[in-house]
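First chain A sits with chain B, and in the next complex the same chain sits with chain C.
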Partner chain A sequence: MNSLFLVRAVAFNSFSESVRNRFFTLFAVFAFTAVYASVLAGVMAVDQESRVLADFGLALIELTALAYALFGASSALLKEAETKTIYLVFSRPVPRWAYLAGKLGGALLTAGLMLLIMAAMHLSLLAFRGFGPPPFYAWALAGTFLKLAVIVSFAFFVSLFSTSAVSTLVISSIMWTLGHFASEARFLAERLPGLKGTAVSVFLWLIPNLQLFNARDAAGAAAAPGPAVLLPAAAWVAASFLGSLWLLSRKEF
Partner chain B sequence: MTAPAVAFSGVEKTYKRPRLLGAEYNTAVKGLSFEVRPGEVTGLLGLNGAGKTTIMKLITGLLFPTAGRVSVFGHSPADVAAKARVGFLPELPYFPPQVKPAAALAYYGRLSGLSGAELSLAVGSSMHRTGLEPHAGKRISEFSKGMLQRLGLAQALLHKPDLLVLDEPVSGLDPLAIHDIRALLAGLNAEGRAIFLSSHSISEVEKLASRVLIMVRGALAATVTRAQWEASPGGLEKLFVEAVK
Partner chain C sequence: MYNYLRDTTLAAALLAWAAGGFLARGYASPFPPPSEMRVPAAGAAGDMLALASGSRRLFADLWFIRLLQYYGSREFHGEEEAGNGEHRHGEHENYGAGDYPLFFPMARHVLEVDPAFTAAGLYGAACLAFNMQRGEEARALISFALGYNPKEWKYLTMLAAIGYSRSGNAAAVAETIAPILKDPDCPVMLKQLAAFLNKKAGNYAAAAAIYADIAATSRDEAYVKNAVKELKKLAGTRLPPRGGSRR
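Presenting the complex of A and B:
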């Protein structure tokens, strides 16, 4: 049997279930309200309205997409185990890696769709205020998606050993926050003396540097991240995937 | 020689529950050896906590034995070759409430390696055999417990398995649904499929099985054949009570 066929079946089923879930609509409505409420911040910015609307909107998109993606990822495997749906999957000839890849693919497809819906809302707001999309816009969305891919795969890994969806959510959120201070933390660790500095430096290399995907930071310097950032993103996703697979292959249901 | 549908040899399963200091161990089944022959209906009886569900999960590869060996048609239960020949109905199966039965079945059919016309045929046939066709237009959220159980059975039949592992297939169903499911299982057995079912209902097992395993606190207390319980004055119920007391 073609394993890729199984990955696709799990991914599309996961995507379809997530999109049909009421939380998808709730998050989309919340995003719509938040993005359109940012028009107030734009008005207060007077002659910098375009810039403020673009930055504010992209930040809201990233935070809402992160909340949605983490919410989904932290309960994806747990829910299937609790409802015993997983019995019907793993009693069939489905390799665990194919199931895991499918669930991860489904989560990323859903997060990508949510991102596109919010981007459409945001661009409609910019058009409504008479502005076009900023030049770095597509890269900003791509960067946000890469961050989501890294953190969602990490959440899958955590969900396989944590005791609840809430603890997965908290741990992954902490990782997301740390990931935005990775460079500063590494800089400080290099200044720590002796073994302590080495130990902290090694630990910090386990934290994904999410600053690499910040197109908004680079936009001011007119140097948006290039395709090279795909490599670290792929490496972190692969590392989390392999860790998850190691845990899942030993898990009993 | 044909490999047995299921073979347990000295199987033990101990659950480990991590605690703050150390761990707590609970042995669910121990020293378990038995065989299920191809085409045979074998019943599994026991009180709550006797290890029935653990045995079902060991056969379907959802649990790994702590000691001993489990084989399904001569393969490890984790092997794709074994799983392709097994259909499993867990107790109280769950399906996404917002979809229609054909969509849910199509998903599980794909996971069993079916696609295209073969998948459509398998979904249609499973719905027909389990009496779900009149309810094809309903969402699963509108299904009664009996209809959900039929759907559970339908997903287990999709890939025409040689062995059906059924955990409490008639639990909580009304008499008509029980009658229909019993007729369906008898029909499947007549096609040569082996059925391994657990139940709390002695009368149901008595009607379907040709052999019954009675579990007591994780150990096999007795194996009773149809001839034995038919010759016994109190039937299977009396033999069961004697075994578990």
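Presenting the complex of A and C:
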């Protein structure tokens, strides 16, 4: 019970720090401006304006939230180590897992809030143009959140062994890209002969398939994601968390 | 003891990661594999970005806009123009006619990126079959789309309409595509075509209903203006009984 209280305290502290950060406002303004710019694209599509507006907005929401969440995740632990705040935390009876869980929870809360704010802006924009929310909207947002959860927890893991926030950002972005390519890469691996194909297939098993959560792309497709996708997401988040905990436990504070 | 716990954490992390891969193994992509994608040279980078960022729908939209712009560019053979430079949408017989050699590959590419973009499939097939008289390409486009959307009745209906158009049966084409017109996602161009075919077949009441629908729902000003104009014309026409003559 006490540990859970600690997790909550770290999470809310981390969350309020993120929300107070001026970058948050900056990204919110940027997202709103960008979504508004999508109106132009909507006008060009004439009949398909509502579809274009929805797709453009959802993609921008995801990319903006990703940029902010990755920036936060890659610098959170590094900043605390540089400013020696982490020593202050660990000088108290705070278990490392509770600290890490709190930090991850704070980052996910921030990402969730960002998604909700931008979604509200986007839906207002759609309503302003005379359109309702597309039927898959809530799923698309949930899928985006799951993708963010996987990649943010992975960024936490990387930040514990990388030398700078920039390298964490780069490595996590590569993982993001590979995650979306997973299905295509698997298709190509199946066509590779012999050992090469097996080696690539094994390697691809290590890449989290982010297409699983890509509800905004699968909106009209025959196989829209179901609630079962929560399990792999939970497994990847847990794996990154445990990996981070392992790295954190090897550090001397 | 501490080292043991640390090693256990690492083992649990690896196990959880592998479990994630195992749980995701059953995922079958609903999208065409890379071998099906015939990317126009100028669009390869865009397609890479679409796949890398998981934004197939968005890039399919952009390809569709490109298709609209391409088809809207000047390659007119016999299309009349209004005095103010606007294209006339009234006379559908020549509307949109032309060679447009890239139309089929561009329309197919929209579906390669997002095969669930039904409106783009219908628009592409209708333009090919009814405006450019390229029924074979229209059928090829629909067949490709049906491969990823086998239960899409609108495609099947369109296939039937293409079949009727080969025999020059305007009334049958109009009648066949009528159910598609009720779909909120139906391309306005298809509605325009249906109205024209109904008018041609003498079904003035049906044509007027479709023009009224275009005037009330379309966001394309040119189509709306034309629909209003046609409605005025039809109001001056003595309407024969609904059902008209079938050619």
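What we mean here is this: the second predicted complex is superposed on the first by the 248 of 253 C-alpha atoms of A that agree within 3 Å, B and C clash if a C-alpha of one lies under 4 Å from a C-alpha of the other, contacts with A are read in each partner's own complex, and residues count from 1 in each chain.
One rule holds for everything that comes next: a contact is a pair of C-beta atoms (placed from the backbone, for glycine too) under 8 Å apart; a residue touches a chain by one contact, two chains touch by 3 or more.
Computed from a prediction, not measured in an experiment: that's the story for all the values here.
Novice: Figure out whether A:E252 sits in contact with chain B (first) or chain C (second), or with both, or with neither.
Specialist: Only chain B; A:E252 stays clear of chain C.
Novice: Taking the superposition on A as described, I'd like to know which of chain B and chain C A:F5 touches: first, second, both or neither.
Specialist: A:F5 sits against chain B, while chain C stays out of touch.
Novice: Does the superposition put A:L195 against chain B (first), chain C (second), both, or neither?
Specialist: neither
Novice: With the two structures laid over each other on chain A, which partner does A:P208 touch: chain B (first), chain C (second), both, or neither?
Specialist: second
Novice: In this superposition, which partner touches a larger number of chain A residues, chain B or chain C?
Specialist: Counted on chain A, the partner with more touching residues turns out to be C.
Novice: Overlap the chain B and chain C contact sets on chain A and report the shared residues.
Specialist: Residues common to the chain A contacts of chain C and of chain B do not exist here, since the sets are disjoint.
Novice: Sort out for me which residues of chain A touch chain B in the complex.
Specialist: So the residues of chain A in touch with chain B come to 1, 5-6, 9-10, 13, 17, 20, 83-85, 87-95, 252-253.
Novice: Which residues of chain C touch chain A once you look at their complex with the stated criterion?
Specialist: Residues of chain C touching chain A: 5-6, 9-10, 12-21, 23-25, 27-31, 33-35, 51-58, 61-62, 64-65, 68-69, 114-120, 148-149, 151, 187-189, 218-220.
Novice: Mind pulling up the chain B residues that touch chain A in the complex?
Specialist: Residues in contact with chain A: 57, 60-64, 80, 83-84, 86, 88, 90, 92-96, 98-99, 107-108, 110-113, 115, 155, 159, 165.
Novice: Write out the stretch or stretches of chain A touching chain C in their complex.
Specialist: Contacts found on chain A: 41, 44-49, 51-52, 55-56, 58-59, 62-63, 147, 177, 180-181, 183-184, 187-188, 205-206, 208-212, 214, 216-223, 231-233, 235-236, 238-243, 245-246, 249-250.
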